[in-house]
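Pasting the structures here.
First chain A sits with chain B, and in the next complex the same chain sits with chain C.
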Partner chain A sequence: MLTPTDKLHPRHVGRLLLAVVMVAAPHVERLPWWTTTLGIMLIVWRAHSAHFDLELPRKWLLVLIVVGTMGGIYITYGRILGRDSGITLLIIMLGLKLLEMATLRDAMIMIFLSYFLVITNFLYSQSILTAIYMLCAVWVITAAMIGFQYRVRQPGYLSQLRTAGEILLQAVPLMVVLFVLFPRVQGPLWGMPQDANAGITGLSDEMSPGSVSQLILSDAIAFRVAFESQIPNSNQLYWRGPVLWDFDGVRWTAPRLPAPLQHEYLPLGVSINYTVTVEPHSRRWLFALDLPARTPPRSIMTNDFQLLAQAELNTRIRYDMSSYLSYRDNAAPARYELRRALALPSGTNPRSAALAAQMMRSSSSERDYVSTVLAMFRSQNYSYTTTPPPLYENPVDEFLFSTRAGFCEHYASAFAVLMRAAGVPARIVTGYQGGEINTVGNYLTVRQADAHAWVEIWLKDEGWIRVDPTAAVSPARVESGVASAIPESEALPILRGDHPWLRNARMTWDSLANSWNQMVLGYTPDRQRQLMRQIGIDDATWRSMVMLMLIAAGIVTLVLTAYLLRRLHVTRPDPVIAAYARFCANLERRGVERHRSEGPDAFCRRACAAVPELAPSINTISNVYIRLRYGSDAQPADVLTLQREVNLLRGRKYARPARRAAA
Partner chain B sequence: MSQQLDNIVRQVGEVILGKEHQIRLAIACMLARGHLLIEDIPGVGKTTLAHALAVTLGLQFQRIQFTSDLLPADILGVSIYERDAGSFRFHPGPIFAQLILADEINRATPKTQSALLEAMEEHQVTTEGETRPLPEPFFVIATQNPSHQIGTFPLPESQLDRFLMRIEIGYPDAGAERALLQGIDRRDLLPTLTPCMQPADLAMQQRNVREVHVAPALLDYLQALIDHSRKSTDYVHGLSPRASLALLNAARAWAMMDDRKQVLPEDVQAILPGVVGHRLFMARDNTRINGADIARQLIEEVAIP
Partner chain C sequence: MLTALKNHLNTWLFRLGEPESGSIVLVQRRIFILPSRHGVLFVCALLLMLTGAINYNLNLGFVLTFLLTAMGVNSILHTFRNLSKLRISPERTQPVFAGVDAQFPLTFEGAGTLDRYSVGITRDKKTVIYADVPAGQSSTVTVDIPALQRGLLRPGRVTLFTYYPIGLCYAWAYINPEVTCLVYPRPEPGVIPLPLPDEQQGQDSALGLGNDDFAGLRSYHPGDSPRHIAWKAAARGQGLLTKQFIGLADRQLWLDWTATPETLGIEDRLSRLTRWICDAHAAGITFGLRIPGLTLPPASGSAQRDRCLEALALFQGDSENNAHADR
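Here is the complex of A and B:
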């Protein structure tokens, strides 16, 4: 083994460089270009000096690079500490350390830095692919470290990789114990709050023309739902999100301070139960089918049946829900609510208001009026598209009377305006509609592309009821999803007519990712406590958890140690004895049984006399065996000879006893 | 086997007809630097064998006929006052020879027997306070009649242990007997024997015996045999460490005589009757049954590892 001050061999450097490149590579897409270039230059420099056995650069040059890098990072990020800037600094420092690395001591520091860099990758992604890649990186780093055990002659990289693999495999039980029993902390372990979820697309608490249709370009997953029983029909899957009350002529917005639930509704039929796993979206709302029957932990329900978590969802969360698909919400709303649901900014969209008044006059009831409006959408050449013409000052007027092409937000907005103008209280509900059933994992995947907006109106006798004007224009949207509803020519993130096997592969992968999310990333303090209860520890504190963890880790270590020690002592069955035993067994089947106290030479003579046709083979085997077992001049190749000869003999046909008797 | 040893076996075989195995055992015993005890009824050629061996090995030979009135001094020698010199002078006994034939050793009294046996073990004799070395090499070939015959003093176990081997010659088979009857007196053939080797050659052969390779696997077998003799309830007591050394050396000699560089289990099995026959006593009747039977039983019961 090298001692800490021994010089490194170029091969050690090469393998270490491989490990460093492997852990740093995923960061490249996030690093500023100049850092990447500098990093590559440093690595190439080190490889070059290792290959030609050059001297490493002087200290003052390295100090200069450090100062320059710090300045560059400050200019790029505006700070030195922080997630992105910190990792950039770390990578450059790693590169500089390479240029300082002359002895084993330095190389060991590199190894530990590389292990640390593995962790930083999880600050950005915790997907299965990242985990697998990082596992490979740990493997390569470990193999590089094992290489330091040898001076110049190394047993070959593959052998080092195998040793490293064995070591990692031995660590697996301990890893499982630590994963299951290490006391969990609430909140994201990896995600850093300030900039972790920047740039995530999703629903917002306001809606203007084009705000939903832009989401259709995103195939990002909004949430996944596992149903306890049958998945309901697609046209019943209205996932309720923010409810928008206020309209300024262009934009619908949600109330700044939502009122908590103050009334009850009348469920019709039985509730359906399901579990939702929401991807982080930096907002507070949780999604549930219309209408939610209960409130998940650490969240509230508003008076318009929105579910709001106590804090923004910066990490994936999972909750059990139940909903009533049919209901009657006919409690009398407060006066201010009705007022709010009727408010229209004066002077905007005047033609729509006139049309509403005209149609209302010709309708016998409010119900009749609703039907008239929906019939208008259905019959008067309105079209459903993700790329409608732009709308300007009075978007509803322009949409209703001239462009007549729009996405769900256009229809919902126009419908709600027509309702309010005619004196029917209306509000817009945004959320998601439908979802893709994953036949592999038997759950429902709801993507951002499934975003939808619909309208709820209040009728005196019936209370709040859902009306989806989009369904009137494009029934396919709610029957079979957005992909089949919009025209063929328009772009979609999800392949529409994709091959069955491709679809299957996509579903399998999503199912795998879902399991990973549920089992590994979704292993929260709650689920840990739940698990503890299942094994009989009712109120697990972190103290008891640590105790349990230490005991389990101790047991695992003891068992592993015992196993490994035993493996050291177990002598493998001697190949020579084994081969000779096979030889004897074979001859026994041929009718020559070796007595247990019969020497090999005596047995050879007897066997040759008994089976003369095999005499040459028997002689060879016996002589090689005697040389191997009792001789002093056996060659390693003799073992192979013995095994080959014994196998050849076993291949020889058996003389039929009958024929021999006849002979 | 070297030419010399081959010659010895052949020449001795002409005198003792049909007993090649016994002859080879006897030579192996001497190559392993051990003393030999030949036990059989009178008249089967014990003395002739010993004599023939001495001649062909080229050793200086002395024969001592043991009788019940033989005294230690008769073997070791006495100091006699010489009037001319005015002092005692030691007259060496017959024991000062390279090969002693102790004929019918069990006819002498234990005191006399022990005088011989001490010399066998120490390769030196001490008389009248003075220690005198015996010549090298020094062999004793003792013969004895089966101890149930009249007028014998059976050798105690401890003294039997000093002999590396005990062999039995047994009756000749019919063919050998006929040849014996048809031919001339065997004793007359003895003078026609010629030495086949010098004492130096013998010493070299003895060194060669030490060179024969003993593999761990063979030691395993040897130890299994010894272990069995100690644990089995068939024997009064097991084989001593001296016995196990004797087994090993005799097996080496046997392997060398078989022209092999390594010892095989077969070698151990071949010399086992000679080496353990006089060392193991059956617990059943506390008698020494035929050594070959004891050895056969031991071999049968112990598997070759």
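Here is the complex of A and C:
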């Protein structure tokens, strides 16, 4: 590389193209079609010109393409600098650089750009599969980089891949040290592009008919929970999410400004401890079992026991929680809260209001009224379905009196309206219910499909209590999950099915993904501090971390140095001497020992006399050996002859001397 | 002053002392290593990637950045290892005439079971030769150095370097092997008639070509006069052949320093003698050489030619007076 202007060999170009295609391919699904087309054209163009050794295109043409691309990106995304638009630009630039790449120096820049493009893939996915694929890509890039360095003879591509693999493998120990001990800072360092976390599905802070049931099709994981002791029964697993107070006749919404927690509840029974790992959902809420007993770091609890993180969850977050499954929350709520929990927009759902008034009149108490309403759901031909008929102006009326088929949000909404209409304060709690126990990793997986909505009502003596109207219609929903609750005809995607082996494979895979999330992706600055405490460094400063890192890195590097330089000291035994030594050892077992001072020729004569039946073989071996060691006309093939002859001799039975001795 | 200091530092740091005789083994002390230009660029790319990983909380970004960092760090060892314990043995050199390239064959041999690739050899950082040194084998590389003037030519400081395996580090070592190449004076171009044999020396008259009898053809040797080349044969595609003449072969020819015109400088006079030696040898003539301070009795054959040319190559030309005194 004293000559970085060396012209690139088509072979180098080909391997570099392979690397670029590998890193750019996962982006294709997100790229606008014209970028993909342009990218493919650029790659084909470069491959073509490398293969036929053609001139590369002129600069002005490339500049024209750059300008056109910028315009196209602006039209597609409405911006140039952003996550998606930036990556699109980067990929096109990479393609153009390919067309400008004539020398080794350009090729090295391509290598570095390819490495950089690998990291952009992690913005979209950091799953195990992505990691494995990208590792392969890094491997191919590294092999291409190594390929540039052979100046005399190019070893085969497989051999280059092996060298690259060795070099990467040798980098792993130091990588682990740096990963664990490099002092972490909580990002972001600066504002992220606005589209940095687009396209994540999950709960929202409002609920209208159909908003929860659309989640049922999503197999995406919402969070995973590891319990300290036994996992509670499914019907106790109410994962509290956004609490909705305000109803406009169709939609329920959460208060814009949630009030911080101002009262305490009375725990009954023992607390239950667990650790939650929430997938990023770009909203602020965290999930906990009803009712949460503590607040995770950097989060607050609202007065309706909702956990809100200080910032939107754009990365996976892990926190320890404890909850009381039995509780009494009977502190007197503020008057404005009760007012809010009773508000109904006037003129909407009139038939429901009338029904509520009528049922209330015939009930002896509020408790009795609640039972009456639940009994109505149970007995009057209401059904639970993931594909409810559409509802229009007065959804609660339409649901209660005509369609009578709905998902949890229909029941929760109708129930809450009936409560409020009868003067019982009610609010809707959204979140998740149940979850799937992963028997492989012994933790609970809660998916988007487990999304649920239920109601909390306020009774004078009992305070806020949870009522789940869906359970009245479909007890199976809360007992054993949504998959068993819905009718056969509405079978969910196969993933929720019950083939034992499929289920087992899925659990194993999810368990693996969970470990990956916990150990690799969940290694945050917090976890790093925690680890430091575990090894006895209580308040790890930046400086002590760096010191520790350097010491560990030094040790690892020393070990690697010893390993790498070992090959300078070992010598491969001379195959000729080794073969002859085997020959001597074999003859010794046959009873002819070579004396220290005995030359090969003298030994040969003595051995032939001692073991005459082997004489031809002994003669051949000795002659070839003498020629190889002392002669001047030895051929490389002689080594093979010697080895073959020695092996043949060793293969021959040597019971003879013993028999002769016996005779 | 600064230059002197720099030279001193260079001498101390890089051990640029006297030439070393025999084989040179690149021990640790002799190998230097620095990041290459691409290595610096790589570090910049890593910093960028690290910033991205921190900003977007990408743990796999950290994994990748640190993997590449570790690879870069380890490549220092790999690159160093590619030169370490390399044994360089200078081979015998063949004398050359001034004006052509002297060839210094260097044999490389690695230690251990390590295949070494792309070891570069250069004197001036412009022309580079690369060699692979597979484990247990040796490979010979010839360093060409233009032989500008007669005498003993030393290769001087030769740089061995490598970027292998990933080009991010540059490892190098300087060697200064004690090996010389004998450089004969440049044969005077053109047709210079040989001096007359025996007593006629000292006179400028020479044997005309017409007096010789054409004796036959033999293959061309460097130094043969272009006039004696059988161009017709060459045109027939028979390769370069030199015409041989008899007539002088049986007589003793003294090639004498004094037979060359004094008006020429020492080097030119040596060039002329060189030309004569080549021509006389080519013609198969028995000849002797007389130069100030040295007389080589007449003989023939390539041994005589080499002996005479060596004497001319090593002639102490600074003593112009010698030449006159010897007359």
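The rule we apply is simple: the second predicted complex is superposed on the first by the 551 of 663 C-alpha atoms of A that agree within 3 Å, B and C clash if a C-alpha of one lies under 4 Å from a C-alpha of the other, contacts with A are read in each partner's own complex, and residues count from 1 in each chain.
Simple rule for what comes next: a residue touches a chain if its C-beta (ideal position, glycine included) is under 8 Å from a C-beta of that chain, and two chains touch if they have at least 3 such contacts.
Remember, it's a predicted structure, so these values are computed and weren't measured experimentally.
> According to the stated criteria, A:Val520 is in contact with first (chain B), second (chain C), both, or neither; which is it?
second
> If we overlay the two complexes on their shared chain A, which of chain B and chain C does A:Ala602 touch? Say first, second, both or neither.
first
> On the A-aligned overlay, A:Gln170 touches which partner chain: chain B = first, chain C = second, or both, or neither?
In the superposition, A:Gln170 contacts chain C only.
> Using the superposition on chain A described above, determine whether A:Arg543 touches chain B (first), chain C (second), both, or neither.
So A:Arg543 meets neither chain B nor chain C here.
> Contact-wise, after the overlay, does A:Lys59 reach chain B, chain C, both or neither (first, second, both, neither)?
neither
> Touching A:Arg256 in the superposition: chain B (first), chain C (second), both, neither?
Neither partner.
> Going by the contact rule stated at the top, is it chain B or chain C that touches a larger number of residues on chain A?
C
> Would you tell me the residues on chain A in contact with chain B in one complex that are also in contact with chain C in the other?
In the superposed arrangement, which is not itself an observed complex, chain A uses no residue for both chain B and chain C.
> Please name which positions on chain C make contact with chain A in the complex.
Residues of chain C touching chain A: 36-38, 41-42, 45, 48-49, 51-71, 73-75, 77-78, 81, 84-85, 111-114, 117-118, 120, 122, 125, 128, 130-132, 135-136, 161, 163-167, 170.
> Hey, which residues of chain B end up touching chain A in the complex?
213, 215, 217-218, 261-266, 269, 299-304
> For chain A, which residues count as touching chain B in their complex?
596-602, 626, 629-633
> Going by the contact rule set out above, which residues of chain A touch chain C in the complex?
The contact residues of chain A facing chain C are 1-4, 105, 108-109, 112, 115-116, 118-119, 122-123, 126, 130-131, 134, 138, 142, 145-146, 148-153, 163, 167-168, 170-175, 178-179, 182, 184-190, 192, 196, 314-315, 520-524, 557, 560-561, 564-565, 567-572.
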